[in-house]
Structure formats: C-alpha cells, structure tokens
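Which chain is which? They are A, B, C, D, E and F, in the order written, and residues in each are numbered from 1.
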Amino acid sequence: MDIEIYTNLAYIVAAALFIFGLKMLGSPATARRGNVFSSMAMLIAVIAGLIGSQAVSYEVIIVGILVGALIGTLSARLVAMTSMPELVALFNGSGGASSLLVGWATLYYFEGDVVPTFTAATIVLAILIGGLTFTGSLIAYGKLSERINSAALVFSGQRVLNSALLLAIVACAYLFCIDPSATSVYLYALLGLALLLGVMAVIPIGGADMPVVISLLNSYSGIAACAAGFAVGNNILIVAGALVGASGIILTNIMCKAMNRSLANVLFSGFGAAKTAKAVEGEVKPISVEDAYYILEAASNVCFVPGYGMAVAQAQHVVKELGKILEANGCEVSYAIHPVAGRMPGHMNVLLAEADVPYEQLVEMDDINPRIENVDVAIVIGANDVVNPSAREDPDSPIYGMPIINVDQARTVFVLKRSMASGFSGVDNPLFFGENTRMLFGDAKESISGVIGEFG
Amino acid sequence: MDIEIYTNLAYIVAAALFIFGLKMLGSPATARRGNVFSSMAMLIAVIAGLIGSQAVSYEVIIVGILVGALIGTLSARLVAMTSMPELVALFNGSGGASSLLVGWATLYYFEGDVVPTFTAATIVLAILIGGLTFTGSLIAYGKLSERINSAALVFSGQRVLNSALLLAIVACAYLFCIDPSATSVYLYALLGLALLLGVMAVIPIGGADMPVVISLLNSYSGIAACAAGFAVGNNILIVAGALVGASGIILTNIMCKAMNRSLANVLFSGFGAAKTAKAVEGEVKPISVEDAYYILEAASNVCFVPGYGMAVAQAQHVVKELGKILEANGCEVSYAIHPVAGRMPGHMNVLLAEADVPYEQLVEMDDINPRIENVDVAIVIGANDVVNPSAREDPDSPIYGMPIINVDQARTVFVLKRSMASGFSGVDNPLFFGENTRMLFGDAKESISGVIGEFG
Amino acid sequence: MQIAVPSESLPSERRVALIPDAAKKLVRAGLDVHIESGAGLRSGYADADYEAVGALIHNDQTALLASADLVLRVRKPSLEDVAKLKSGAIHVSYLDPYNEAGLVDALAAANITAISMEMIPRTTRAQKMDALSSQANLAGYVMVILAAQQLDRILPMMMTPAGTLSPARVFVIGAGVAGLQAIATAKRLGARVEAFDTRAVVAEQVQSLGAKFVEIDLGETGQTKDGYANALTPEQLELQRLGMKDVISQADIVITTAQLFGRPAPRIVTADMVAAMKPGGVIVDMAVDSGGNVEGSEPDQTVDVNGVSIIGMANLPAQVCKDASQMYSSNLVNLVSEYWDSEAKHFNLDMEDDILQGCVITHGGALVNAAIQSIRGQGA
Amino acid sequence: MQIAVPSESLPSERRVALIPDAAKKLVRAGLDVHIESGAGLRSGYADADYEAVGALIHNDQTALLASADLVLRVRKPSLEDVAKLKSGAIHVSYLDPYNEAGLVDALAAANITAISMEMIPRTTRAQKMDALSSQANLAGYVMVILAAQQLDRILPMMMTPAGTLSPARVFVIGAGVAGLQAIATAKRLGARVEAFDTRAVVAEQVQSLGAKFVEIDLGETGQTKDGYANALTPEQLELQRLGMKDVISQADIVITTAQLFGRPAPRIVTADMVAAMKPGGVIVDMAVDSGGNVEGSEPDQTVDVNGVSIIGMANLPAQVCKDASQMYSSNLVNLVSEYWDSEAKHFNLDMEDDILQGCVITHGGALVNAAIQSIRGQGA
Amino acid sequence: MEIIFLTFILVLSVFLGFELISKVPATLHTPLMSGANAISGITLAGAFLAAGATNNDMASWLGGAAVAFATINVIGGYLVTDRMLGMFKSKRGK
Amino acid sequence: MEIIFLTFILVLSVFLGFELISKVPATLHTPLMSGANAISGITLAGAFLAAGATNNDMASWLGGAAVAFATINVIGGYLVTDRMLGMFKSKRGK
C-alpha cells in the first residue's frame, strides 16, 4: 500500500511535467525545453512504474528495455533527417503494439478468476486501438518511405469489405466480453481483425496525407495507452494517454486545416470518399480567417493580386502589414498589378504607394504569369475581372482576349470579396469554383485584419 | 455503493459542464451561455450531492435551502446594478462561511473515532481559508459600499500584530492536528483567528483595490471548497473548487495588470508596503506589451503623441491601425501634434496623412492641453523633447519656456522608445520617472504591432 | 509593310506618336518603321535613338507619306497631308470625326482607311489601345500640378511652430479617368478633396481614393452603354449649379473634367460661382477645348477674374510629353499588333471586329462608321 | 505702443509681414497696429480685412514710419526708410547683416533697435520665431511643385493598360529644413527619392521620410553648435562631386538646398554634372540668391542647358505667399508677444536674453551683436 | 489510495483552471469573477452530508447553516452574473 | 469506486489535452507530433506489471515484448524529437 502511494505521488509529479512539456512543445521558443520536461516526466513515471510493479523477476524487463533502447537509439541517431516522418510512424507503431500486448497480457492475471466486464471492455479497446495503430503506422511508414505504392489504393468492394470488417469486430468484441478469457477464440479473432483494420484504414489514403494520418494514429496510440491504463488500473497511463489522445486530435485538426482538408475528410476518405470527390467540383469552397491563417503560416511564396475591391475596402495598409508579417515569417511576398485593376490607370499604384509598399515588390502581369506556378498562395483582394480565367479560355466571354493574371494556376488561391457578385464587366468568374480556390467572404480589410490577428 | 457510482458519474458530467461554462465565460460572445452551462452543472451536482448524501433527515436541508434561496434571489434581484461588486463580495463571503462550516461539521462524523491527520489538516485549511474569505469579503463589502472607511487603514504595530496572528494560527493548527476533535479548544481558537485574519488582511487595502481583493477572495473560496472536498471526500468539490481557485488566481492577475499593479503588491501591500511606496518614486517603470494591452483595452480616451521616433520606426501605419482598433473598442482617439515634433515642420502631418489618419482626429497642442486630464492613456510614440515637463517646470533647463504637450497630466502615460536616451536637445526627461508613466521599451513599430496582436 | 511617323505639324504638340522603345517592338514584329527626322525631338528623343532600334529616318515628309502603308501620328492630318497619302493606306491618329466632316470626306475620297483613336470603344478588351483614357489619366495629374503651382498656398496640412496651415480644399467636378487621377494626385499632396459627378456609380470610386463625394440630387441621370455620361436637362444643370456653388466657394482649387463625347462641354461653373471663390483660388478647366466647363476660361490662357485664376490649358498631356508619348505609342503598338499577322506579314483588318467597327471611320473609299453615319443622318 | 507695417517695396515680394489674423492677436494684446494701405493685397488681404480686426490703415508711408515704435516687415529697409524712422524705434525684418554693413551702420546711427529675423538662434525655445525655418519649409514644398510642373514626365509610378511608367527619380542635396520638406513632398507625389547631406546625422531623418540616403565618404565633416553645416575643404567638395555625379545622371529632378549661413553657397552641381543629366531633366537651385549650388543657375530665371532646365527662383516662399505670410506673421507675433508685457504695456527688451542676444543687431546707437562684431573684427 | 486519486484530480483541475482563462476583456472581469464565485458555492453539495445527518445535533446545525450560506452563494451568484451579462447583450459580438 | 476516480481523471486529462494545444506554427507540427508520440510510450509503465510477473510464461513474454516495443517508442521518440528541435535552434525566438 505504501509503495502504491509513493509511486502514485511520483505519477502526479510526472503528470504535471507531462502537462508542462506538452504545453511548451507548442511554442517555438520553449519547444526544446518542453521535450526535456516531458522526457524527465517519462523517466520518473517509468522508474515509479518499475518499483510499483513489484516485479518478481527482472530478466524479461531488462532484456526488453535493452533491446528497445538499442533499437530506439540506433534508429533515432542513424536515420537521415529527411526520413524523420517515417521514423516517427514506426515509433508510433511500436507504442501501439505495446498497448496491444499490455492489454492482452492483462488477461493472464485473472487465470481462472472471472474477468470483470469493464476490464474486458478496456482490454478489447487496448487491443483494437493498439493493433490498428500498429499496422496503420506500418503502412504509413511503407507509403512514406515508398516501400509500398504511395498512391491511394482503391478497389471495388472496398466499402463492403470494410463494413464487414467493422461488423466482425463489433461481433467478436461483444462475444469476447460475454466470456472473456485468455484463451477465447474471439480474442485471437480480435487480434487479427485489429491488425487488418489498421491496414484497411490506411491503404486508401494517399502518401501526401500521411503526416496527418500519423498524427491521428499518434492520437490513437495515446487512447490505446489510456485503455491499457484502465485495464491495469494505472493512473499515469490514463493521464498521459488521455493527454496525448486529446492533444493529438487537436494537432491533427490543425494539420488538416493547414492542408486545407477537414478532419472528417481524412478520417473517412478511405471509405469511399474518393468516389464522391469528383462530384464536388464546381462547388464554392469558403474558408475561415483562421484556416486562411494556417495555410499562410505555412506558405513560402505569396502573391497579392489587388483589385478595385481593395480600394473600396481601403485595405492597402493592412495588406502591406500582412505582407510584412509574411516576410518576417520567411515568406517571399510580391504584389502583382494588373494594368486595368481598379477604376483608373495606376489606381493600385496610388494605393500601394500610400501604404509604402516598396516599388521592388510590385510586379507586372507579364512578369508574374510565367512563374505563377511557384506561388503557394495567390491572395486576390477584391479583384475579379482581372483574374477571370474565362478571358483566357472562353471565346464567347465578353472579356475574351484580355490578358489576365493567371492566379488559377497558383497552388492555392484565396479570393477576398464580399459576395459572389461579378465585377465591372458583369461576367461570371469560374475562378471562384476552382479546385484550388478558397473564398474568404467579407470586407477585404476586415478579412485581412482578421488574418493578421491570427498571426499576432 | 451503486448510488455512489451514479452520483459520481453525475459529478463527472457536472465537472465537464463547469469546465465548458468557465471557458465560455471568458469570451463576450459566449459568456451568457457559459453562465447557463455552469448553473446547469451546479444543478446536476447539487441534486447528485443530495441523493448521494443519503441524508436521514431532510428538514434542516430544506430549511437551509429555502432560506438561502430566498436571500440570494431577493438580493440579486433587488440590488441596484451599481452595487453589484459589493453584492458579489457578500455572496463570496457566504461561500467562504459555508466551507468553514462544512469543514467544522466534518469533525462530528468521527465522534469518538480518531480523526486521521490528513483529514484534520484539510479541515484546518477549510476553516482557515473559509473564515478568511468570510470576514475578508465582509470588509471588502463594507469598504465598497462605504459603510466603513474605504481608505487603507494603517496603524503602528500592524506588522507586529499580523506576524503574531500568523504565528498563532500556525501554532493552533499544529496543536489541533496533533489531537483533532470537535471539542478541541484549538479548534475554536482557529475559528476566531481565521475570522480575524480576514479582517486584518483586507483593512489595510484601499477601496480602489477592492475588485482585485474580491477576485482574490473568490479564488480563496474556491480553494476553501476544495479543502472541504478533501475533508468530506467529495470529488466535485475538489474539481470545481480547484477550477475556481486556479482560474480565480489568473483572473486576479489579469485584473492587477489592468490596474497596473503586481499581484504580490496587492497580496502583501497590507503588510507594510505602504511605508516603502514613497521610496520607489523616481523609478522607471517598464511595462510589457501584454500589460499595455490590458490597460488600453479598458481605456475610453486615448491620445497618441507622436514624435521623431515614430518617423524613425515608420510606425505611422500601425499607429493608425491601433487607433482604429481602439475606436472600434468604443474608445475616443485623438492624435496630438506638437508643432516642433519630428525634424521638419509638418513632419508628423506628412506621416499621418500617409497613413490616412483623418484630419479631424489631429489636434493641436493648445487644444489638447486643457483637456489632457480626461485622457486615460497618452501614448507617446518616440517623442521626447516635446513632452518634457522640465520645459515647463525647470527654469534651468535649456528648453525652459518651450510649450509642451502636458502628457504627464494624463491619467496614464505610455512612453514608447528604445532606451532611456535623450532626444534632439539632449536634455533628460523627468517624464520617464513619473508616477503614472510606463515605459514600453523597444522599436515603436514593433511595440505597437505587439499591442495590436494582443487585441487580435 | 511600311509604317510612317511624320512630325506633328502643330507647334504646341510636343508628343510623338511612336517613341523609340515602341518603334523597336514594331521593327521586331517585322514591320518597316520610317520616322521623319526630328519627330521625337520635342519629347526628348533624337533621330539617333530611332536609328538605334532599327527605324529609318526620312527628311522629306511628302515622300514619307506617299510611300507609307500605315501612318501613325498624334494629331489629325491636314487636308494637304491627306492628299499626299497613297490610296489604300491606313491612317491612325486623333480625328475628331464628329466635328471634322470635311476631313472625313477627304479621307474617304482618298480611299484611306482612317482609324480615329478617340473612337476606340471602351470595352475591357480595347483598354490597352484606349488613348483617350491613357491621355486623360495624365491630364488629371497635370491639372493638379498646374493648380498647385498657381495657388498661393500649399496643399497639405502642416502643424508647425509658426502655426497650423490647414489643408487646401480641392473640388473635382467629373470623376472620369482624368477626374479620378486628379483626385488621387491632390490626395497624395495632402489636400482635402471633394468630388462630384452626375453618374452616381462613381461615388464609390471617389471614396475608394479617400476623397469625399458631394451628393447633389439631380433626379434621373445615367450613362451610355460605353460608360460616357448622358447630357443633363437644363433643370438638372441648374440644380447642379446651386448644389455646387457652396462647395466651390470654399474650395481653393476647382478642377473640372466634364466632357460629353463629340458634343460641346457643359457649362458647369458660372461666373457667379467664380466670383464666390476666395481671391487666390485656382480653377482648371479641362474641357476648355470643347467649349469649357467654366465661364470665362480661354484656351491656353490663365485668366484672372478678381484674383481667381482660371487655367485653360488645351493640351494637358503634352505637359508631360515624355510619358504621354510613351503611353500613346503603347496604345498604337497594341492596336497594330492586335491586327498585324507577323507570320503572314499581313495587316488583318477584319471589319467584323467590334473594336475596328468602332474606330475605323473610312474604309474602301467610303464612310463606314455607324456612329458617324447616324450623326450625318441627323444632320441631313 | 504703435506698430507699423509698411508695404514691401520690392515688387516681387508678395508676402506681407502681418496678416489680419496675426494683427488681431497684437490688437488684443493691447498694441496699436497701423498698416500701410494695400500692404496685404498681394497676399490676398484687403485693407478692409485689417480694419475688421481693429488695425488702422495709413496711406502715407513716411508718416507711418515716423510715428512707429515698432516696425514689422519682411524685407530689409532701404537707407531712406531708415532715415524716416524715429530714434529709439524697433525695426524687425530680414536684414542680411553679414553682407549689409552699410545698412547696419545706418541703423545704429539712427539709434534704431534692429532685429534681424535671420539671426534668431536655432534653439528649441526660439523655434516659434524662426522665420528662416518656417520659410525654408515652404520653399522645400515649392521647389518640388515647380520641378514637377517643369518636368516632361509624371512623378509617380503607374501600371496601366498602356504600359508601365516608372517613378521619377528625385535627388535632394542638402537635407535641412527645406530639403526634408522637398523629400517629403516628392515622396508624396510617388517619386523615388534619394538625398545627400554632408551632415551624416540627417541620414536617419531622411530615411524616416521613406527616402534613401546616398552615402558618400567625405572624411571628417560636422556641424556648428547651431545645427548649421561647416564649410567643406576643397578635397571634400571634389569627393562629393564625384560621388554625386552618378546619382545626378540618373535623376529626373535634382533639388539643391545647401546654404552656408552668411557665406556664399557651395558650388555642388557643376556643368559636367548638368551635362550628364538626361534631356528633359530639371534642376532647382534654392541657393541661387547666395551664389548658387548649381553652375549656370540664374536668379529668377529658368535656364535651359542642352534640354536640362535649371530653375533658379530666388524668392521661393513668395510662390505660396498666403501661407508664407501667415507663417512669417506668426513668427513675428511670437517674437513680439515673448517680450511684450501686456500688463505694463511695455516692451521688455532684456539684452541678457539669449534669443535677443542672437538677433538684435543694433541697439542704443551701437552695433551690439557679437557675431557681426566678430566678422567686422576679422574684416578689419 | 483514495487520497491519491483525489490529489490527481486536484492537480489536473488546477492545471485546467489555469489553462481555461487566458485573455479576458476588461468588461468581462466582473461577470467572470461573479460567475466563478457562483461555482465556488459548490460546497453546497458537501454541506448536505452534514446537514442530513441526524446523529449529531451540532453537526446538523452547522450543516444547515452551511447549506443556507452556500445556497445564497449559488443562487445569488448565478442570478447576478446573468443580470450583468444581460447588459452586454448585442453590444459586442466578435 | 476506483473506476469512478479513473474516469474523473480521464475526463480532466482529456479537457486538459484539448486546452493545451491551441495555435501551433507549421514548423512545429512534426516535432510536436513526435514529442506527443514519445509520451504515448507511457505504456511502458504498465508493461512492467506483465513482464515482471513470473506466474505466467505467456504473460511475461507478452510483457517483455510490450516493454521492448514501448522502450523503442520512448527512447526513439525523445531522441528524434530533440534532433528535430535542435535544427530550429535560434532560427526563431519570438
């Protein structure tokens, strides 16, 4: 009893350190110290756990630790910096496997005794989520390191198969919980199904989305640790697992936003979303100020394309301010001026000179168009006709033949305007429906100020 | 046992609702809903607590609730809006009293049994903090409603008395814990001392600081509830109490900053700080961007006083931006231009026109000086000579006789500059050492951008 | 294909139809560019600059015109010039076809394809050839500089040890291309700017430049489909005058830019309004050439009316002839390039094209322009 | 106490020493203000405006001067004017005391207390009376307007359908009061502005206006304690010329403001630099009156040197005479108010006062000014 | 062991309390304080234990008083907070 | 009752986890993920229970494997995170 109290006191200290560590990891200035805090917490927790386990034999433990430490150290030290994400995936898989094994091993405590249903349920969770994390991470690793085809793998009957898989898992889990034991066939079925689930969940996701998948699986491995914690009744597993589970979800969400996707889209794209993707083409995709921030924060080449709306909103000063913030963020910034933007020749020049945008950053249409593909984000500020692709593509358009700034060929386009209304020439603009276009509705000045606020 | 599980499940739900409620209370858009959430949480917790208490007789409970509800409802409904802060103080005092009583009553459970030392300690805490909160809140109420003299009460021997009081409390607490019982004389001594402590802690604080004191006592009452929770072993008391205790401390801190004082200053000013206050006169008081934000956020009349440093920092655009944000915040904004500010006649006009500050907001020195006392915050942006009070006061100064903008007579002055260096005329500036002056060191543009970021 | 750029015959015309940079583009496109000696001199371009880009210099204007397939110039040709052109040649310049019936007839008779730069339609696609806009833009800037130079005050506000100078008040009437640029320039100089236009749609544009739009309720007005203003009824003009008198009496500078295409300009500022201005005030009348918006304005003169100066400079863009020439040349090059097939070395004058339908006045020996024809119809 | 404001005798001097608003302040302070009829006319102020604020109008200048205790004017008096003054009167105006030895002697002989507005010391406290600064400030603005009007280009950048016009380049030499205002005005108009000054301390001030400071290493320079520049050695001048030639050859507008107080201005822009400029370029020489910074500049003329115009306007502030008069009047009113005891109705000329020590030239029948005395000493 | 759990809960709640409140505009200082104050009336849930016990008169009297005081805090606190917040309605709506 | 406490702890931890991470610059996404991943190796503390028991061979084998896997996660995770963060050193320092 005494030992239990002391280990748990140590766990409390460890929990506090984990909390500090995670918090500090989220900010550039403190991230490294945060990692040290968190590793100290781990040391305390592990030593306390070791003492608290009141182990009878230490051989297996020592061998396990030695093997694990060796593999962990070597791979962390030797692997090239560029393959870090794969490595994290592998480590994450180990965590999942460990949770699965702990859950499984717990069953053997009860030899002969009845396993309480609650414990059985937590064991099932630990096994399921641990197994899913394990194989899911392996597949993610494979895709990232291109050991397996990194393209999304979609085959007919996939949805049916996945549905069947889920059904089977629910059934086995139920049957196992009714009569839980270390020798239950359902246990083995569950083990297999969990591993299969991980594979099935990740194969239909493309390689480019892997970082998000890993982050999600990381969150899962926290949940798995949490479930294992319930199974063995260990506080620190629950606290640390829950912290990782919850903050992992948030981080995943942040990453999705930075990639311009919803979490749901990533979570379920494996189950048939690929099919429906085509259908949403031609849809207007609004974006929030916050999401715009995440994308801009990660961009390294931003081009502003101002139009009459910037003048109406008198947004030139905030635009310049955002430009400077982006530059400070290590981003290349330019202002592409279309000759007829605005309502008088040189309209944009007057405004941008007033805001003291250096002449060097102003580029002409003919200079920006050849390198527009390298622009990560083209921010169209209240321009419309001058970025209307139908001037280039649609011979029936009244503005056909007018050269435009080809923002539709930039990686991402933000269009800042108040509505879907057309511009001076009154023609519709297919740009707004583009695949890579995001509409940031609202007064341009307010929208930009909002984004600046997010950077603050 | 079953009941205990269900009440505790209810407590979990309540805890979650409390957390949501508190979070939402911190933002204008959601505050009201947050209060509703929190009150729902309270309802759930109270009902669960009532059922979980497995009370034998309900008479006392019902009478207590009726009396409390009547008083609470009537006072909340009838008291004028302007006396809200006093009322909150009274309510807070009731909370403290309740914790004290619960702690005290717990002793009677053990009739004959030995009270565990831990429980005794938590009881002492509940009584001490509860008692302190109770009388402290009453004094705060008295000062606010001016039923007692709202000035800080300082008398000779106060420090000695307070030290003796603290010593006595420690001694009694120790003696009580050695042999805890409902009939211990030390218990009664503690009760008395706790109540006295509350009085002694609050009387030396002036009426103007009462809101901070109430916020702090509020935090204490949370801690008292938490201690009572430990005494009776009730989870929701611990969770809710700790939440209030911790968030109360943070809120107190925020309020101190908005008042330009440190928490330590408020906490200990009663114990003799009043004596040393004089000595710190003539000291430079730097301020952080964050603290500047809190003060500006609460200001209703702000006057910018630009000088040459604004030109050097090219801060005109961000200044204008901050001006607009303040206006949007309901604040009156003006720009006071000293005729010789800058390095050429009309220097400030050029800059502010570039930033498109409306001419209507520019005021001349002779117009602002008569009403400078009404200015909550004068923000001096890289000006120095033109706000140097020695031009007004010190006949030996080389700039004696030059009319200046009397920012030193504004309620608060922020001086934004990079160092303590002197300006064009090379004379020292006593403004920087003023009682109501805060130095915001750093490049003016960065400082202002920082403040804008805080508003974001 | 031989392009000829004769010198401008009007001595006050300092612009040139083709600057060396523009000539270079045409040479590159495979056209032979011939320049009359000294054509660019008044804009600061020597013959050598043209030769450097591959153009040929001619001393004899008559020979130059006679051999040209395409003539580019700023001002309308004289009747003698028309006589010198070879049949079938294309002639591009300002023409003033609404008022120059005789010249148009002569061009038609000589079988010249005459393109009038004023008649480039105001469509989005034609903007790059729109010389009216490009020159009006510069005129807007010039008017403010002239006014600032004439005014006995400074435009910006200044708070100085020697007191505060209040910003000058500038009132711009007509917020078209020139008016907007005038607003922008005056704003830049720090003046307090107000503007008025009969087209209510431009209020937003005025505000987008940080100036104030003066609201005067005139009832129904409107604009033609090309973006030109409709003429006002006499009652509306009276209403407008009353509404503006107040603003004018407080203004230090008044700039009028109200032109009605092809017709005499409206008289907006009357003598009593001028009289109401403070002595020292300045008025710039951009429409002085087409009748004048201001009572008492005289072409190319600065008239003093009780201390108020009325500047009536006719050829405002020529004040900044270097930039004006550059922009006009660009317009011409854009026009030529649009229809020049550099593969086939052929000038592709497709008369179905909406731009050409607007700006070609005579072709194949006849008056082909619908707008001018309809005016003639009325006249008959 | 009777104050007299005679008309300026120089026909080109459009300023007036006291505008009605300023006269009002003096009247309120209990002084009798007498104005010669028509004195304010050239700045736009009628006699009636003065009468309205309580000043008296005189037709006879001689009588006016003879009865005055305090004379306020812009330009230095003629010897005849001095003769008309009554003994013991105070005379405030520009005086040019370094060069006008005869006039100074005459003033001393006539027992006039002569205050020279150029000699107001440049202390922070005296700034409100500092007419040199207030007028130089306006001159800075005027120079840019004049140059912009003369230039055959526009100053701002414009990206238009007819091509991009690059911003004009403006080079300001001497970043004192006038130079800084010139920089600010050119920046406002959208030009690309560079500036140079021998005093390295102004680099920051130049940058604070958004312009570029041209660094030329001249070795040791420096400024006097009053903030005026020291004269350069011949070697330094040569270094500076070389360094600036490059910048000048690219500039569209060059503005020189380098004056050395009381001495001939340095010759900064030589003929070869002028020749290196593009045709159409414009130079404005503010120092033309004290010898000229630019080779070939002529007072009150615009000289054309191979297409480059050199504007040598001597009295720049008079171009904006209304504002210039307002500021000069303010300076005078501030000076008078500083020493006028309105209780005791007494003019309190405390010769220990550091401002008066600087600006009073003659007093009590003698030359009292230390600076002028020391010059005389050297001369002897 | 129960103490351990309680301590765990305490520590986590304290951290959560710190994290929950970050930037609060000045106008919300008083309502937030008042709202938090109402929550601290949670002692009510603990007071029932004492008030409902019949075994000891003193305890149940103390408990009754505790219930009354806590109820004042709870009811009064929520009502007052709501009244205060009602005044902001639609004034701002970020 | 223990389950109740554990659930309490779980709920509070989840809330805390949500609150802790708010705005994270893109450059920190991977390190933060990796650092959090290392924390999820906490299963190690639970794996000892199984690995240290002699009473059942199977359990101790499973436990041993669990220990090894978890150790990989912990050691590797912290080292990799540190390596990544080392690269930012002094690049930014808000």
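Note that a residue touches a chain if its C-beta (ideal position, glycine included) is under 8 Å from a C-beta of that chain, and two chains touch if they have at least 3 such contacts.
Values in this document were obtained by computation on a predicted structure and should not be read as measured data.
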Chain A to chain E, fewest steps along touching chains: 1
Common touching chains of chain F and chain E: A, B
Pair of chains joined by more contacts [C-beta pairs], A-D or B-E: B-E
Residue-number overlap at the chain C/chain D interface, same or different (half cut): same
Distance between chain centroids, defined by C-alpha means - chain A, chain C (Å): 57
Computed distance of Cα centres, chain D from chain C, in Å: 40
Separation of mean Cα positions, chain E and chain C [Å, integer]: 76
Contacts with two or more other chains, residues of chain A listed in rising order: 19, 235, 239, 314, 339-340, 345-346, 350, 353-354, 356, 454
Contacts with 2+ other chains: residues of chain E: 1-3, 5-6, 8-9, 12-13, 15-16, 20
Touching two or more other chains - residues of chain D: 127-128, 133-134, 137, 156, 158, 160-163, 165, 188, 190, 210
Pairs of chains in contact (touch as defined earlier), listed by label: A-B, A-C, A-D, A-E, A-F, B-C, B-D, B-E, B-F, C-D, E-F
In the complex, chain B residues that touch chain A: 314, 317-318, 320-321, 354-356, 452-456
Chain A to chain E touching residues, read off their complex: 1, 4-5, 8-9, 11-12, 15-16, 19, 235, 239
Contacting residues of chain B [partner chain C, same complex]: 337-340, 345-346, 348-350, 353, 356, 359, 362, 364
Chain C to chain B touching residues, read off their complex: 156-165, 167, 190, 192, 210
Chain A-facing residues of chain E, complex: 1, 3-5, 7-8, 11-12, 15
